[in-house]
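Worksheet: one structure, shown below.
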Amino acid sequence: MPYVNIKVTGGREAPSAEQKAELIAGVTDLLARVLNKNPETTVVVIDEVDMDNWGIGGKSVTERRKQS
Amino acid sequence: MPYVNIKVTGGREAPSAEQKAELIAGVTDLLARVLNKNPETTVVVIDEVDMDNWGIGGKSVTERRKQS
Amino acid sequence: MPYVNIKVTGGREAPSAEQKAELIAGVTDLLARVLNKNPETTVVVIDEVDMDNWGIGGKSVTERRKQS
Amino acid sequence: MPYVNIKVTGGREAPSAEQKAELIAGVTDLLARVLNKNPETTVVVIDEVDMDNWGIGGKSVTERRKQS
Amino acid sequence: MPYVNIKVTGGREAPSAEQKAELIAGVTDLLARVLNKNPETTVVVIDEVDMDNWGIGGKSVTERRKQS
Amino acid sequence: MPYVNIKVTGGREAPSAEQKAELIAGVTDLLARVLNKNPETTVVVIDEVDMDNWGIGGKSVTERRKQS
């Protein structure tokens, strides 16, 4: 019954459908292994966040990628 | 003052504007009826999640729809 | 498969177990009725938020309740 | 280490990249000033919500904008 | 920079500190392996949800545990 | 109408009621100043997360505080 939300940067950094499937399988498996949770009712939602909309260190990722 | 977030699959399964209006009205009404919450300050946010980005049973909805 | 999160004030305004059961049943039913979603996989999570931790109009609910 | 999520209406009301950068800088600064949190690990995610998908007072913002 | 939120049932089903550490390490590692994300800035937040506050199939987990 | 969720560590690092009131006032003001949002309908929810339940760099904050 667990619910997992994963937020990663999207746009040109967006994960592929295959990578998203791997994340879903991997985190579902982790919850089954560590907490014995039923995979059938484990829900995973992945959000792809635009780089203008994600900030860390007081700056958007867009600005950080320009600087580095 | 309640805040409600509803996540459903989007893409070709996305709700219409009319259905979204029904969800907003329905859940606001439910909170007024059950908890006597003021509809004027009840906030509802609906997220439409891509079928590649939603997983259940360790698989994305995209994969599940193919199998069923 | 929908996922619903409902946030309401807790503490002395917290809903009872019966009221929470009514919210869960009501919103699950709403999604089945409006969007034909399967109740068996509809997940609802209710968060009870302390009145110091909820703000509206720039003030915490604790302060607002004092003034009204 | 704080995590902040800001949801605002999108579409024709969406903030510009400059406004989003100001929100990220402003909220990171607020957490450093009030709680002495390290800006380097303060994460901010801004969600732009479609006006059909945001409800208040039992109506979507789309409907409310029409009436006012 | 990913942000992950994991919600599981709490109370007598709450994970131990060791299990929570395993979830944090496991999901951080998964994101590094699948998406090459930097573990140093991967944030994980675990929420333990009371069994009265979690619903599936239109019933709270409290009610479901009684029936099974 | 904006909705803001702020997650910070709780327990012995939990903000005081005064600090929470400052965060609520500050972020509401920021949204009014930058995006001209109406403070009356700006909602802020603060979550205090247990240090065992917050991870960064693959470790819980509890473990990190011990090491530093």
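Note that the chains are named A, B, C, D, E and F in the order they appear, and that numbering of residues resets to 1 at the start of each chain.
The rule is short, and it goes like this: a contact is a pair of C-beta atoms (placed from the backbone, for glycine too) under 8 Å apart; a residue touches a chain by one contact, two chains touch by 3 or more.
Predicted model only: the values in this text are computed from it and were never measured.
Trainee: Would you pick out the chains that touch subunit C and also touch subunit E?
Mentor: Expected: A, F.
Trainee: Pick out the pair in C-E, A-E or A-C whose interface repeats that of E-F, meaning over half of the contact pairs match by residue number.
Mentor: Match found for E-F within C-E, A-E or A-C: C-E.
Trainee: If I list every residue number at the interface of subunit A and subunit D, are over half of them used by both copies, so same, or under half, so different?
Mentor: Answer different: the two copies use largely distinct residue numbers here.
Trainee: Based on the averaged CA atom positions, which chain is farthest from subunit D?
Mentor: Measuring from the centre of subunit D, the most distant chain centre belongs to E.
Trainee: A-E versus B-D: which has more C-beta pairs touching?
Mentor: A-E
Trainee: On C-alpha atoms only, rotate subunit A onto subunit C and read off the angle in steps of 5 degrees.
Mentor: Answer in degrees: 180, to the nearest 5.
Trainee: So the centre of each chain is just the mean of its C-alpha atoms; given that, what is the distance between subunit D and subunit E in Å?
Mentor: 25
Trainee: Distance between subunit B and subunit C based on Cα centroids, please, to the nearest Å.
Mentor: The separation of the two C-alpha centroids amounts to 14 Å.
Trainee: Can you give the whole-Å distance between the Cα centres of subunit A and subunit B?
Mentor: 20
Trainee: Do you know which subunit D residues sit against two or more other chains?
Mentor: Residues 1, 3, 7, 23, 41, 43, 45, 54, 56.
Trainee: Under the stated touch criterion, can you name all the chain pairs that qualify?
Mentor: Pairs of chains that touch one another: A-B, A-C, A-D, A-E, B-C, B-D, B-F, C-E, C-F, D-E, D-F, E-F.
Trainee: Going by the contact rule at the top, pick out the subunit B residues touching subunit D in the complex.
Mentor: Subunit B residues touching subunit D: 17, 20-21, 23-25, 28-29, 39-48.
Trainee: List the residues on subunit F that touch subunit B in their complex, please.
Mentor: Within the complex, subunit F touches subunit B at residues 1, 3, 41, 43, 45.
Trainee: For the complex, give me every residue of subunit E touching subunit C.
Mentor: 7, 49, 52-60, 62-63
Trainee: Using the touch definition up top, name the residues of subunit E that touch subunit A in the complex.
Mentor: Spelled out, the residues of subunit E in touch with subunit A are 1-9, 15, 19, 22-23, 26-27, 30-31, 34-35, 37, 41, 54, 56, 61.
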